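Following are the structures in question.
One chain, chain A, links the two complexes that follow: it is found with chain B in the first and with chain C in the second.
Right, the complex of A and B next:
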C-alpha cells in the first residue's frame, strides 16, 4: 500500500503553496518530510490526507485515484504538533473515539483500546482527562488515537516537536517499532535533520513548496541532489563557497588552494560551489591531506563534549563542529582544517556534480 | 534560622485599596444596613426595629411576585440569548474582510445607552406609529404593549435580546477563534459530524467564556432597570415590574426606606448567592 502524488499543486488565492510535486512514497519504514518551517510539510500532508483538495494533479493510494475523496471516506490517521485530544472525554474515550465512529462492538473496542494503551504505557491514565496529563502523556494519547484504528495512511506532523528532550528521544525510539508490523504507509514531518537520520527510512527534502529530492534517507544525506537539498539536510547549516577548479587544484581564493582529492579528479575545470559539512572542518589536524584555512572567530558554542565554532573566512561565515572543547577567544585568528575528501561540488545551476 | 523582621509599614500599601473599597462599597452598604434595621421619620431620628423589615419583605406577596417575574424574565433571557449567541457566533466568518464588518455590527447595540435603547424600542413598538407595533397590527396581530401584559413581556424580552445577545456572540466568537485548526482536522479525520464537532470540541473549548457570558447575562438581566422602566414603566399594571423597578417604587415612590433597604440587601444576597452557585457548578471540573 503506498501513496503516489502526480504533479500535485496547490494555490491559495494568488499564492502558490505547493509547486508541481510528484513522489511515490515507500511502502515500508518512515517517509520523512524534512524542511524548515513554512517549507510546506503540513500542507503536503493535508493534500496526502485529503483534508485539502489539490489545485491540479492527482493523488493515488493503493492503486486507486483518491483525488478529491474527502478524508472521512479514507482510512487516514494523523498526529499534530499541538496535542489534539477531545477536551471533555477521558483518555479511554479519546482513544476509543475513532472506533466509536465506525461502530465497533463494545467488547472488541474495550480490548483494542486497552491493548494500545498498554503499548503506549497509558494504562494508568485511562480514566483521566487530557488537561490532567503532562504534555508527553497528551501526545501519547493522540498517538494512541492514531494507532487504534488500522489506518492505511498515518501522518505524523512534527509529533515530537513540543515535547521535552528526554521524552522526544524515548518516543523517537519507540515510534518506528510501533509501525513495524503494520501494513500502513507512514509519513513523518520534521524540521530536524538529526531526527530524520535517526528514524531512517526515506526522506523528502522540502524547500519553499517543492520537494527538492526524495530517496533513502542515508543516500540523500550523502548525495544531496542540489544545493537546496544539502542546505535543508544540514544542521548547523552546510558551509558553502565559490571555488574554481584549475588543473589539479581547487582554488578558494588567492591564499587558499589545494590539491584536488582523487575522488573528484574527473571534475572538469571551471567554477563550482563547494559544500562542506560543519563536522568536516575541525580546529585539529587529523591527516596530512587536511587543508589549512584561517578564520576570525565569531561565536563559539560549547555543548558538553562538542564545540560549534563560527568563523569568518573573509567574505562569509563558516561553521565548524568538532569533538573536544575549544574555548577560542572572540576575534582571534585561528587555524581550521578541511577534510578534502568530504567535499560536495555543485555546478552553477546548483546541481550536484561530485560528492 | 534567621528571625523575620517584623515591619508594619507594608500596611501603607494596602491603604489605597482599603479607602477605595470603603468609600464605594462598605460605607454605602453599611448605610443601607443601617436603614434596614431601623425606622425613621426624617430629621435623623431613628428607632430600632430589628429584623422586622426583613420579615415583612420576605412575607410580602408583592415581593414574591416581583421576584417571580424577575426569575422568569432572567430564565427566558438566558435560555434565548445564550443559545442564540452561540448560534450566531458559529455562523460568523473566521477569516476575511467580513470579520471586521460582523464584529462592528455585533458591537453596535452594546454601545447604545440603556435609556436610549428603552426609548428607541418604545417608539419602535408603539401600536399606532411604531414600525414594529404598526407592522404587527397590519399583519393582523392584535398588538399593544401598553395594554397587553403578554405583548409587554414580548417587547421587553425582544429588546433585551437585541441589546445583549451581541455580548454572548462576541464572547463565544472569541472562544471559537481560539480553537486551533488542527482540532477540526483531527475531527474530520475521525469522521466526526457537525454535531459531534460542536459537542466535543467547540462547546468544551468555549466553556470558560460561556461561563463568563452566563454570569454576566444573569447579573445584568437580574438587575435590569432602565430599559423596562423607559419602555413599559413596569406596566401594564404590575406585569413587568421587576425587582429593581419595585425597589425604586418602594424607596422613592413610597419613601419606605426601611423596607426598601431590607429589600436591597435581600436582592443583593440573592444575586451573590446565585452567582456563587453558578460559578462553583461550572468550574467544578476545572479545579480537580
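Right, the complex of A and C next:
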C-alpha cells in the first residue's frame, strides 16, 4: 500500500494553501507530518483522504489514480485532534458505525467491535455516550473507530495533542503496536519534534504549505536538507548564526573563532549559516575541543534535571539546553561551550552543505 | 434584621408575575354577572359553564383547531426550510453569504402590519384566502429567518470534523445529515420549533387578515367580546386560559435550551 502525491496543489480563493507537493508514503512504520500550526498538516491529510480535491496534481493509491474518488469509496480512516465522536450514539455504536455503513453481519460486527474495545481497554464503557467519558476515553473511542475497519490508509491528525501527558505517553507507546502487521499506510501529524523521533518511521517536515524534506526520521533529524527543515525539527529552536570559513578557521565574530573540526575540512572558504542544536551548547566544558563563548543571560528555564538557558551574544539570541540545574541570574555574563563537531553548515541559499 | 426579609423580594416578584394569570384563571370560573357585579379574590359561585361552552360550541373549539393547524403547519414548514439553509450558512462560504444571512434577520424588523395588505391581495388572487396554509406561509416570512439563525448557531457549535469523520467512515451526505447531524443538533431543532410555534401562536394581525370563517384563529374569535347576551367576560377568560396551555406545554420540552434559543444559538 503506497500513497503517492504527484505535484498536488491546493488554492482556496486567491490563497495558496499547499504548494506543489510530491511525496511517496509507504507501509513502513509511521509516516509523520511534522510542522508548526498552520504549516498545512491537516490540509495535506484532507487531500490524502479525498475530503478536499486538489486544485492540480494527482493522488495515487496502490497503483490507482484516486484523485477524483470521493472519500466514502476510498477505505480511509481518520482521527482528529479534537475528540470527535457521534454524540447521539453509544460508544459501541460509535465504534461499529463504519461497519454498519458497509452492512456487516451482526454477529461478526459484534465480535469485531468487542475485540477492538478490548484492545483499547474500552470494554466497560461500551454502553455509555461519548459525552459521559473523559477526554482520554473519548479519544480512545475515536481511535477504536479508526481501527475497527481494515482501512488501507489511516490518518492520525495530532491525535494525542489534547491529552494530558501521562495518557499521551501511554498511547504513544501503544499506537505503533496497534498498526503493526495491519498492512496499511499510516500518516501521523504532529507539531512536536520529540514525538516524531519517538515514533520513528519516516518524517516529512512541513513549512508554510511545502514539504521541505522527506525521509527516515532519524536521517532528517541528523541531516536536515535545509535551514527550514532544521528549524521545523528542533525544539527548543535551533541556534543559527552567520559565520565565515577562512582557511582552517570558522569565524563567528571579532572575538570568537575556532579551528574547524576535521569532519568539515572539505568545506570551501566563504560565508555560511551555522546551525547548532541547543543541546550541543552547554555551560559546562566537556572536551578540550569545545569553543568558549560568552553571553548575557535572558531567561533560565529549569525543568527537573534539565536547564534551558536563553542568552544574548551581541544582539543575537541563543539557546542552550543541558543536563543539570544551572540557576543563572538574569543579566549575568556566563560562559558557554559549543561542541564544534556537531555543527550544521548551510550555504547562502539555506541548503545544507556539511553536517 | 435584614436577613429575616430576604424572602420578601422574590415573593413580591412572584406575586406580580402570577397575579394577572391568577386573575384570568379566577375570572374563568366565575359567571359574567359576578365578574361585573362584585370584587372577589376567588369565585363565589364556582362554575365550569364557560369551559363547557368552549368545548361544545363549534365556533369556539374550531378556533383552537384552526390555530393549531396553521401553527403546526408553519412550524413544520419553517424548520424544514431552515435546516438546509442553516447548514449551508454554517458550513460553506459563498458570494454574499454574510449579507444574505443578515438580510434574513431584517425580515423580522418590519411590523407584520406592513405585509397585511399585500398578503391579503396576493392570497386572494391565488385563491388561498381563508385557508390554513395561507396563514402558515405568511408566518413563515418571519419564522424561517428566525429558525435559520437559531439553527445556524447550533450547527456552528458542531465541529466541522464531525462531518469529515462521518464521510471517512463511509456515510453519504444524506445518511450523515439524517442519522448523525440532525440527532446531534436535536436540541437546536427543538428550540427553533418552539420559537416558530410561539410566534405563530401569538401572531394575530396576519392570521386575522387572511382568514374569515374556515380558518379563523382562536385569537380572532376571542376579540368578539360582545354577543347577543351582552359581554361574556367569563367565557373570554376561559378561552384565554386555554390559549396559554399549548405554549406552556411546548415550553416544558425545551426548558433547558430556551436561553440559548433567545441568544439565537450563540452561547
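Observations, loosely collected:
Heads up, the rule we're going with is that the second predicted complex is superposed on the first by the 355 of 355 C-alpha atoms of A that agree within 3 Å, B and C clash if a C-alpha of one lies under 4 Å from a C-alpha of the other, contacts with A are read in each partner's own complex, and residues count from 1 in each chain.
Operating definition for what follows: a contact is a pair of C-beta atoms (placed from the backbone, for glycine too) under 8 Å apart; a residue touches a chain by one contact, two chains touch by 3 or more.
This one's a predicted model, so the numbers in the text were calculated from it and none came from an experiment.
Clashing of chain B with chain C is the outcome of superposition onto chain A. Judged by the touch definition given at the top, the superposed model places A:119 against neither chain B nor chain C. Once the two complexes are laid over each other on the shared chain, residue contacts for A:71 go to chain B and to chain C alike. By the touch criterion defined above, A:132 reaches chain B but does not reach chain C. In the superposed model, A:313 makes contact with neither chain B nor chain C. In the superposition on chain A, A:49 makes contact with both chain B and chain C. Comparing which residues of chain A touch chain B with which touch chain C, the overlap comprises 46, 49, 51, 70-72, 76-78, 80, 82, 84, 86-89, 97-98, 101-102, 142, 145.
Taken in their complex, chain B has these residues touching chain A: 180, 182-183, 185-186, 188-192, 200-201, 204-205, 285, 288. On the side of chain A, the complex with chain B involves touching residues 46, 49, 51, 70-72, 76-78, 80-82, 84, 86-89, 97-98, 101-102, 129, 132, 142, 145.
For chain A in complex with chain C, the residues that touch the partner chain are 46, 49, 51, 70-72, 76-78, 80, 82, 84, 86-89, 97-98, 101-102, 142, 145, 149, 155.
Residues of chain C that touch chain A in their complex: 159, 161-162, 164-172, 175, 180, 183-184, 186.
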